[in-house]
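First chain written, first letter: the chains are A, B, C, D, E and F, and each begins at residue 1.
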């Protein structure tokens, strides 16, 4: 077994172990002292502790400010704020198939969404209806596999499906995540 | 010595408290899988990977050196405690001092302290220069 | 439990353990708080000093390149989300640019601006997350939460823009999925203003902090030559002094219209990598302000009939600057709907390959620091 | 034990405390227990023992619970969030839930570990904490044991805590544990030197090694506290004590022993359930003890800041919790030091300066430059 | 403290602890276990000192011997051997010499014992208080220990120098500025 | 060994009111367990970020007492499987799960862990459902789920825990042993059966219905109009880099017989007219390969100092090994392409390594070896990098088949 670094032009041993004094253009100038080279007594025992302590105190000041400023708390209490919690309109929570008052949906079983889906999440299962026309029989949506990319919604020419805003889908029953989106067969 | 017997009782109390808690917990707590079913449960944890080599490794000498230097300062404190204790007493006129203390003044103690501490300081500087205090 | 360990784990140059040396092997990862996911570093240690590091990757290898060969180009965009999920707009853009180049698709002016705005917002977001994780790896938990809190503000914007917080799938060849929501630009400008003061606060909390300085300065030095040899890009390379930023040197989109600086480091140590990223956030704010000012009206997506097929035997290659460096997409086509082969160049792949160079010889704690300043996204490495 | 003959020193302490020590409720319980070795009422003795056991266990558990809760709530506020809210009012019962859960969690020992050391280790820290708890003077009449050399006793016991980490980490047979344990050992012994020097300074200044006497010596207004009374030297020593005790407690920025991002938990990596919670508990009891000692030595213990205010345990509590707040504040602000920097801080900075400070204090006292 | 039933019981308890732990320390195969046993042994000794009212000595026993020496020994054990995997078998010669030595010491003790008039009670308590020790340490007269006190500090200095020299000896090339990256040669 | 909590009902139940007491104990124990769920630090990919966001200030998992993320499984109660689970990782996850003490809970977060999600089809490395490896208690769909969704999952888990009793201790859900099938086709097949029944049912009614509704028109949906506008132009991009003509001149100076890919017959004039977007793509033979790369690296003007990547393409009868180089000084790119022959009989294609020129090539070449099976001679460390060492085959080859792992995409 040979080393992966066998052919290296610079072996790691020869690296500089300390920083040069010039620390680059964007280093804040506050305390540009070098901690790796040999410091003088003044720099080590007087300047460094004072500058260091000052920097630490500044940091402590920031946290203390946050502690004292009650309004800085940003926590949204989820289960308590359920009633007021709203998602932005674009939010992609799950694929839903809107139904109108009569329980009808707009899907024509054209399978464009099925083809657009990169994950095989959607199965559009067509059937012949009573008028012998091809309509949607069953729209299976496997939520457990869905990545909510909304490609199906983009592909749908009829606006039959869209992304719902609900996100509370946690379940102990994995099978319940395979859903049938249409309430009944396709429109006549 | 009464104090120490009380402290001793507290020590026993501590051992009973912890030991009792562990014992009761072991009795009441759930029992997980053992044997074949346990899989790698009893293996040492190393981020989910089977460990490479023994964990009882030989460590670097650096720790040992720090212990050595610590010993020196520990023994030093042994001698400094009595000196520090009588520092105030020798100066106060009303205290009933034993005979030995008659010819000890605060200045003398201070000088002794200074000598003692500076000799130790010299040792520290020596160790520093010799890079004993470099952690490896 | 052998006394003398004779077997050398794969990848190491020397054996450890046994009666003769004081060295031993230690596993960090795949489940370890400092490895940012499922990276596994196997370390040969001498006491606390790291002697050699052998990274093991592939614990989240999800065969995205293989899957790409059976999915159409558009469907592939949502897979690029899952590569570098912290700069997923940029990875989306990488594939979109490659498709646009190969299939000759044009992009409207407004869409170009939207792309810049969204990408730079994402860069700030990614660096904020990095800043928090960096501080957490060094033990400062509060900074981690501050970073995340600021990040949430940008995440909110993204959620309103495209409905997702992390896997956006927002760009398409020829533009974007949707237009900017109402009141979006003022909110961005507000965040920019807020970020300026926040970054100063961060300087006080972390950058100027003595402990952070002691732990990062002079640690994990990667020389310019080694960085080039390993193919490092992005902030890591720039911290080593390599003046290479895809946005400046091979401007994609309309990056050449904006005025911004490329921060460079001098030594290539952890502190330089830190300051370069902090400075990059400031530069991103500059770009954002310019882009928001100039944003034109118009279409957000090309109205051409989409034809996302790259001609047979053609290949197209695009590079974008993600928050981590040069992310390149190489698409080979056989003329079909699906690509014949897609190869994503992940910036972190090279960085993790260089970690032995950077961290060996330092302490174990420094390895964590070095890893934190590399800002690795492991799924991006493993693909 | 036979108490028919009181030690002279013991009596002198009692004499000084005379106005308050007509009754010493806490001490009396214990003393009564000790008074009746032969011929005493066995029943009352048993009851006394049980009461003391319950009181002390409850006190330490309660202290730890309050401190954990306080730490989590304060951490939340430091970090712009709420902290536990859902268990009891303000999440007050959170630690109780944690404790009960840990109590009812499966505890098992990895196969390759060494049973003797593995089980010995969790016993020691809390035992040490109990021993130190016994000597802290909580109030004018609230102290249990009062050894003549209380301060030296504390420094002796403080050195033992590290043993638990060392043997426990070795017994776990885990590389992370061993590294954490060895780090803890090196760290604890190093910082113990500074700690002892801080104690020495107080002994030098007050001429006492008895904690009760040290507190009594700081009676009066707040400028009689050693932090102020010794101009400069006292304050520096207090700062050093805070730094050193933070390191002895293995708290951030000195928590290299647990160093979650490096060692996944350090010495307690292999401990689960109640054994782990004993380390956890001891950590917080130790935190309280360290703060109480700091308050006793430098901030006047149970003495009120002004003469006209009544002394009492509440002052000690207030001062201790102020120091605890400092510890918590440190933890949620600072990153962690690297182990070599940590050692350098002690040996190359704190120790020389502590020595100089000690001599400086000696000169101050000899010259009479005390407030 | 006066000799009472309690002190007697405690004396025998501590003695038993010392003997038991001592026996354990020499018989247990695991070196770390014997170090812990040694710790118990030293605790017992501290207890005996306490019974004798030598409070300061007892505490120093804990501070220096347990807090320092035992930790030192544990480090030495952890750093030099592969515990848990290797136990050094004691040779017959070692057994014989050890037993012989123990027998000689026991004989000596038994020989001296009849002449000693010892009791579990400290006759002169005031001689061992911290103040008394302090005064004696700083007493410059012939009764005092001022000169030994100063010598001790020199002794400590030489111990420190010894430690430094050991470190120097351990790593021949590492005294220079270069951090040694190649690992120590076998 | 020993007694356990099950003793409590045995003792308490016979007492008067003992059943209520047992229930009270149950309640308290479940309360403690459910309000102190300490998660293991475990996250593999995107979902881990949302898990971290849940721990952050905005959503604050500490309200549930669960902010104590433990790095060691010995102290954890809960694994949140945040992110895809691959085969290489699954063994380690199992170890981690086993090393946790009882009681332990598992939350599967995101589509990848529930079912493989986007990585279900055509994938050789992802476990199709983490519940095949460890028993999962709560599933949270989403990709990734919002932090609130994770909190909802924790609430569900708390509900689950509060359903436990001492009398009936929890039994972990059995592992999922569903066959890895094409779920799409399976559903279609099932529907076929169902459809047959429906059609039989409808068959009798159709004529009658047609008679009742003579003027019926089927619903066609409301189709959007596809607006087509003017063709968009590309935004012009200015680049200041060495021109293609200059590069070709420099290369052909030293290697006159190296053609450009697809442009072997190109004239100098045509070269000069190529857009700055064009990247010269040289085709070299295997014998010249390393020498050519070395030449490009060391040439004073070209100075190709940054290796972007090394990759390969399987053309079924040969591989192309592609080297993508960039110059940080000249700001230009050069591609190098080298053909490596292979056939079914000769399955060990070989090519020289360039890892001595670029350290970064080391891993790229290992990846090619892993995924394509091309061996790089003189490579210092030629072993698999992404896949397990015992993986059989090279998955990015076009003829790679592995029915035990891969579910073929149905369409």
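Rule of thumb we're sticking to: contacts are C-beta pairs under 8 Å (C-beta built on N, C-alpha and C of every residue); 3 or more make two chains touch, one makes a residue touch a chain.
Bear in mind that the values here come from a model prediction, so they are computed numbers and not experimental data.
Engineer: Going only through chains that touch each other, what is the minimum step count from chain B to chain F?
Structural biologist: When the steps are counted carefully, the minimum from chain B to chain F is 1.
Engineer: So which one's got more C-beta contacts, B-D or B-C?
Structural biologist: Between B-C and B-D, contacts are more numerous in B-D.
Engineer: Taking each chain's centre as the mean of its C-alpha atoms, which one ends up farthest from the centre of chain F?
Structural biologist: E
Engineer: Averaged over CA atoms, how far is the centre of chain B from the centre of chain E? Could you give it in whole Å?
Structural biologist: Using C-alpha averages as centres, the distance is 15 Å.
Engineer: On a C-alpha centroid basis, what's the spacing between chain D and chain F, in Å?
Structural biologist: So the centre of chain D lies 51 Å away from the centre of chain F.
Engineer: Once you find the CA centre of chain E and the CA centre of chain F, what distance in Å lies between them?
Structural biologist: 62
Engineer: For chain A, what residues touch not just one other chain but two or more?
Structural biologist: Answer for chain A, listing residues that touch two or more other chains: 1-5, 8, 12-13, 17, 56, 59, 62-63, 73-75, 77, 118, 147-149.
Engineer: If I count partner chains per residue in chain E, which residues reach a count of at least 2?
Structural biologist: 1, 55-56, 60, 63, 67-68, 71, 75, 78, 82-85, 130, 179, 181
Engineer: Considering chain D alone, which of its residues make contact with at least two other chains?
Structural biologist: Answer for chain D, listing residues that touch two or more other chains: 1, 78-82, 85, 104-108, 112, 147-148, 152-153, 155, 170, 173, 175-176, 178, 182, 185, 189, 192, 209, 260, 264, 269-270, 273, 332-334, 339-340.
Engineer: Could you please specify the touching residues of chain B with respect to chain D in the complex?
Structural biologist: 1-7, 9-11, 13-19, 21-22, 24-26, 28-32, 41-47, 51, 54-57, 59, 62-63, 66-67, 69-70, 73-74, 77, 80-81, 84-89, 91, 106-107, 109-110, 113-114, 117, 120-121, 124, 128, 133-136
Engineer: Inside the complex, what are the residues of chain A that reach chain F?
Structural biologist: Residue positions touching the partner: 1-8, 73-79, 85, 93-94, 106-108, 110, 114-115, 118-120, 123, 125, 127-133, 135, 137-138, 140, 142-149, 157-160, 167-174, 177, 186-188.
Engineer: In the complex of these two chains, what residues of chain C are touching chain A?
Structural biologist: So the residues of chain C in touch with chain A come to 8, 10-13, 71, 74-76, 78-79, 81, 142, 149, 152, 159-164, 167, 169, 177-178, 181, 201, 203-211, 213-214, 217-218, 221, 223, 225-226, 229, 241, 263-267, 269, 271-272, 275-276, 278-279, 356-357, 360-361.
Engineer: Show which residues of chain A lie in contact with chain D when the two form their complex.
Structural biologist: Checking each residue of chain A against chain D gives 45, 49, 56, 59-60, 62-64, 66-67, 70, 72-75, 77.
Engineer: Given the complex with chain B, which residues does chain C contribute to the contact?
Structural biologist: 1-3, 5, 9, 16-17, 22, 24-32, 40, 42, 46-49
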